[in-house]
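Per-chain numbering from 1; labels A, B, C and D assigned in written order.
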């Protein structure tokens, strides 16, 4: 079943094909006139409640959010990546967004793979799946921790932070770097210490998860907050609205078919639904990881000129790369970041809520500004 | 609004908290328990082609290294976390040190690692270190990320809004020298904490020393 | 003595026609004489004279600087003051009614001439005249029983009931609050006229009730009804004051709130639980009248110094002196301690809860509910005053000098000093505890029977202690080293400011059922507008009915008019004979 | 005369110096329950001491009112500390300045001044917080006033010291109206001192209510406002303990006054334990639900008033 994903450079990307041209835009109905007493309340760029610098203009006449505009370009960075070798390009792509760095690099490598012949074997692909799933676990834990922080929910907040640090340490021990920097290269994957087990995480998270969704005040902050049921949504936001969208079952590059896992969905399409979907995904990712044996060896690859598009399911939705290579050099590159789509979904779903609902809805989408405010030169 | 929802003050989170117990490590008195090797000091010999020229004439410059592992195996991590430099201290912050983080162009890594020093393992509050949400209450400005055009004005406003005496801390290679993505922060830092991103142990130890503790 | 004062006022009316400033100066001087006259009287009525005299004094001085409206404002302004003087010092019913009319007609004329008013506004003022009819009927009935025009003791309480409801309409108590709120807010009458319209006109109405009350036998049921109505109207008018967006409208609502408080104090007197509580209630009425009238004059002057009517779009001049004066006035209006507003609120709540304690029966639940509703009303009043003062003096604006600002700052300090002088208003409730450091004469106590003290307060010591301790803290901690920077607004230059509409909006959303708030595409409506629609609908019906009546009967033939007068006369005489 | 003077000094100094300690203890316990070693219990003192040495940066829109009103707010809390039985159970010097209802009005005065001088900074966040604080004041103030009257209707006087004695008699202590008033006052104490489920001191600016009032301050005025906040928590908590919750065990005489500080410390540990359980078990209520929370407290206090009148009618 074809679905529209988003604008990737000059292409409009669908789940199974892509066309040149611009995709239909998620329009946010403009409330033109500003009634008596309404004004623009600016929140950000630099604020204690915002994790990254982002400018948010809320049109309100007091507590009630009439319209919202997110401006991610305060920290817009120019990345000098053109005419660089593929190995150097990976260095830049890793540092676009630390939280999704593995998804970005692997989606870039999947695009490269489309225009190269290599004897890549299933162990290396499994390791790539391992990286993406570990990144998903850490990021979903981080989103839930931010939700607990917005509600001032002391005990689960710090227990989740404790868990996130443990996951980071396991990644650091396994790959040598906590955010997968310097791990992936075109020829091999650097392993630091293969003997790392993840058993303790599931038990610990299960106790936190079961009690966090029992607390009525906490649920009340999430239910009915930021409802969005739009077939152009992606990632956890789509799955929370009951859509069965996931790049892991649509793309063939990574052998997800060899693993037994299910796509978790919910139907309330609000911040609470996104919390449930992300928590269930943590359990599913842990199940996938338990089925992978960590073995790494080099493989030969020959990259020839041409264009390729790769797509991977990052923790907040589809992350896709378009690459054009000319005698070993990256000549043109474009990024479809999940957060750019999530920002539009967020702006559409935030209207008609009140100020204190903002932090919950914003955090539940897991938006990273660093992957939106990016220009390749 | 059914009164029952907040009426039942069941104590289960209170009991769960007690059951979990205190998880704070004894660091810095004891050595760090578990560090990702590629965020500590590198040493070795031989010349290598380093993309950010962190290694020239065989000496490793921590302020430029982005840990890309191209110099491996000639250069390898030693596990030593004391790679920060504190040029200016003020011991009126010894027992109460409020820091205001400002992201002027990060990839998100430094923000995440800085946030984790408040986690139970590291627990910055036991040293009197706290986050605050306005530079007016802050004693130190933690600058993260490369200098982007859009964040020049907020950075200067934040610096100006902070009452004296204040410290400027550059966190991560991007803020110190710009790494491979751009240039470092406009404001000259008093304390630099290299790393891409720096390890929570390094950040914590640097802050402890910056606030004037006799470490 | 009193005729000399009338003469002076009439003289100042003529003078003001030629030269405004001299007219106002003369009316200021006569007001001082009137205050002196009030002091010589000495009884409860004397206090009313002192209050109104002070209000006229301040508003006349303010008008000297404020009056740029043309030749017609000053004479009408001073005639209205003359009317009030006559009504206050009237000894007979006719004199009172004459003063009453001389007071109201010029006030409405000022509003009419100031700006072309659409028809319903005038009709609502017509509703206001309903009060005159009721008072007139009450006086007629009193005359028939005591067959003398003079204010003498009466043996029936019916005139009291009729007259009280008449005065309540004039005070704008709840069902009729539009008659009070509307002329000031909608007509956008000049600040000095709104000051006397709101401060002293309602004061005369309260004076009327007190005068009739002291003369007629006591009827506790009316007392409970008044307490209930007073509490109810305090809550709603304070709520509407908080969400109102009109500079003068907000103050008009807070006038109604204070009138509600005075009414419940009158209610406590009428229920007469014990002799001491009734006496205490009288002093409460006077303190409340003092606190409200003078502070309200000051606040209307503030509304006179700003340009514009909508609180969210005002252009204001502010300076430090103005802010301190404004804060003092606002803190008094929201019933906070060192100044007289706090003493008034304290004494009102004490009297209500003393009555609840004395009655100790299901009846006392009325005074408990009224007390709690008044406490809630105080909460809204302080919220409304915070909003008013922030958006007219404190939040943002250009700093600058203006003579008008100094006047209301002086009133602010007068309010503060009055707070410490409020011992004079509670003459036989003065006490002292020398052993604990407060000498005799510095504590006001509330007691429900002689010797049984319920509560105590000493406003002078509160003021002294706060000042002393503040200087002490300043001495110990020292002055801070200050550096000016611009406001921290997430790193970027602040653009649009938080509007007054937004300030009160969370109440509109929280009490949406009470205020029937609806959020339409581009606006947010609350029930004050709906209440206005209901009254507007009645007015339209009344206008069309009277026009049809006029076309069919008032065919401008003199003979018909005579017939109508005769019919009216017969009707009234029948009425008088029956009752 | 000397002994009364000494007792006054002990009470005033006791309130000023001891109040930050309790907030420090509560934060330490909360940290321990959240599996962290947590800051020292003297952290509030360190913060205040450091802030006193720092410079004050003031927004261009603010005048000297913004800088000096925190001194007045601080002194208002000192005045309140002389008037209610927070350390010494007998009236001390200057106690009759104000009775229980006057004490409630002084609390409202401090709140009023804090909002007005914060508004002078001209920042939108401060206006957002002040709007919320002002909007909740109608229920906050009225509950405070009605609760203070709850005991007055039983004892026939508004003097907190006599109410303190009355509350010690088990027959009154266990009466339904006393229990309702205690519950209402405890809920009000949670609201006034910014505890969960009403408010928490997180970093998110859009959820601030009381934090917004000190958002634009720095240096000495900020230290005084924070200290004032600690004193307010101590004063309200001590009245809750001495007149409603645990009125027993207070000593007399100058030496007794010293012991009273210790006894209050033990009573406070009990109150802090209850606050700890609530703080760690609940999340922050949605903004408009705070009004329901306060409405319940208000209704409870009115029912206790009605009961006390009708019960022994």
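In this section, a contact is a pair of C-beta atoms (placed from the backbone, for glycine too) under 8 Å apart; a residue touches a chain by one contact, two chains touch by 3 or more.
Keep in mind the model is a prediction, meaning the values are calculated, not measured.
Engineer: Smallest number of touch links from chain B to reach chain D?
Structural biologist: 1
Engineer: Spelling it out: a chain qualifies if it touches chain C and also touches chain D; which chains qualify?
Structural biologist: Chains touching both chain C and chain D: A, B.
Engineer: Suppose every chain is reduced to the average of its Cα atoms; which one is closest to the average of all protein Cα atoms?
Structural biologist: D
Engineer: Using only Cα atoms to place each chain's centre, name the chain farthest from chain A.
Structural biologist: Here the answer is chain C, farthest from chain A.
Engineer: By raw count of C-beta pairs in contact, what's the busiest chain pair here?
Structural biologist: C-D
Engineer: Centre to centre, by mean C-alpha position, how many angstrom separate chain B and chain C?
Structural biologist: 61
Engineer: Quick check: how many Å separate the C-alpha centres of chain A and chain D?
Structural biologist: 45
Engineer: Taking the mean of the C-alpha atoms as each chain's centre, how many Å separate chain A from chain C?
Structural biologist: Whole-Å distance between the two chain centres: 62.
Engineer: In whole angstrom, what separates the CA-based centres of chain A and chain B?
Structural biologist: Roughly 24 Å separates the two chain centres.
Engineer: Two or more other chains in contact with one residue: find those residues in chain C.
Structural biologist: 483, 485-486, 488-492, 494, 497-498, 502-506, 509
Engineer: Quick check on chain B: which residues sit in contact with 2+ other chains?
Structural biologist: Where chain B meets two or more other chains at a single residue, that happens at 6, 12-14, 17, 20, 23, 102, 120, 131-134, 136, 151, 154, 158, 161, 163-164.
Engineer: If I count partner chains per residue in chain A, which residues reach a count of at least 2?
Structural biologist: In chain A, residues 41-43, 45-49, 62-63, 153-155, 158-159, 162, 215, 217, 220, 354 touch at least two other chains, as defined above.
Engineer: So that we know how the chains sit together, what is the shape of their touch graph: line, ring, star, complete or other?
Structural biologist: Shape = complete; every chain linked to every other.
Engineer: Please output the residues of chain A touching chain D within their complex, sorted ascending.
Structural biologist: 41-43, 47-49, 62-63, 148-155, 157-159, 162, 215, 217-218, 220-221, 354-359
Engineer: If we count contacts the way the header does, which residues on chain A are in touch with chain B in the complex?
Structural biologist: Against chain B, chain A makes touches at 45-49, 51-53, 73-79, 88, 91-92, 95-99, 101, 142, 153-156, 158-159, 161-162, 164-165, 168-169, 171-173, 176-179, 181-182, 190, 192, 207, 211, 214-217, 220, 368, 370, 373.
Engineer: Touching residues of chain D toward chain A in the complex: what are they?
Structural biologist: 30, 33-36, 124, 128, 131, 196-197, 199-207, 279-280, 282-289
Engineer: Considering only the defined contacts, which chain B positions touch chain D in the complex?
Structural biologist: Those residues of chain B that touch chain D are 1, 3, 6, 9-14, 17-18, 20-24, 92-93, 95-96, 120, 123, 125-126, 128, 131-134, 136-137, 139, 161-165.
Engineer: Name, in rising order, each residue of chain D that touches chain C in their complex.
Structural biologist: 4, 52, 55-61, 63-65, 67-68, 71-72, 74-76, 78-79, 82, 91-102, 105-106, 108-109, 112-113, 115-116, 119-124, 127-128, 130-132, 134-135, 137-142, 145-146, 149, 152-153, 156-159, 216, 219-221, 223-224, 287-288, 291, 298, 301-302, 305-306, 309-310, 312-313
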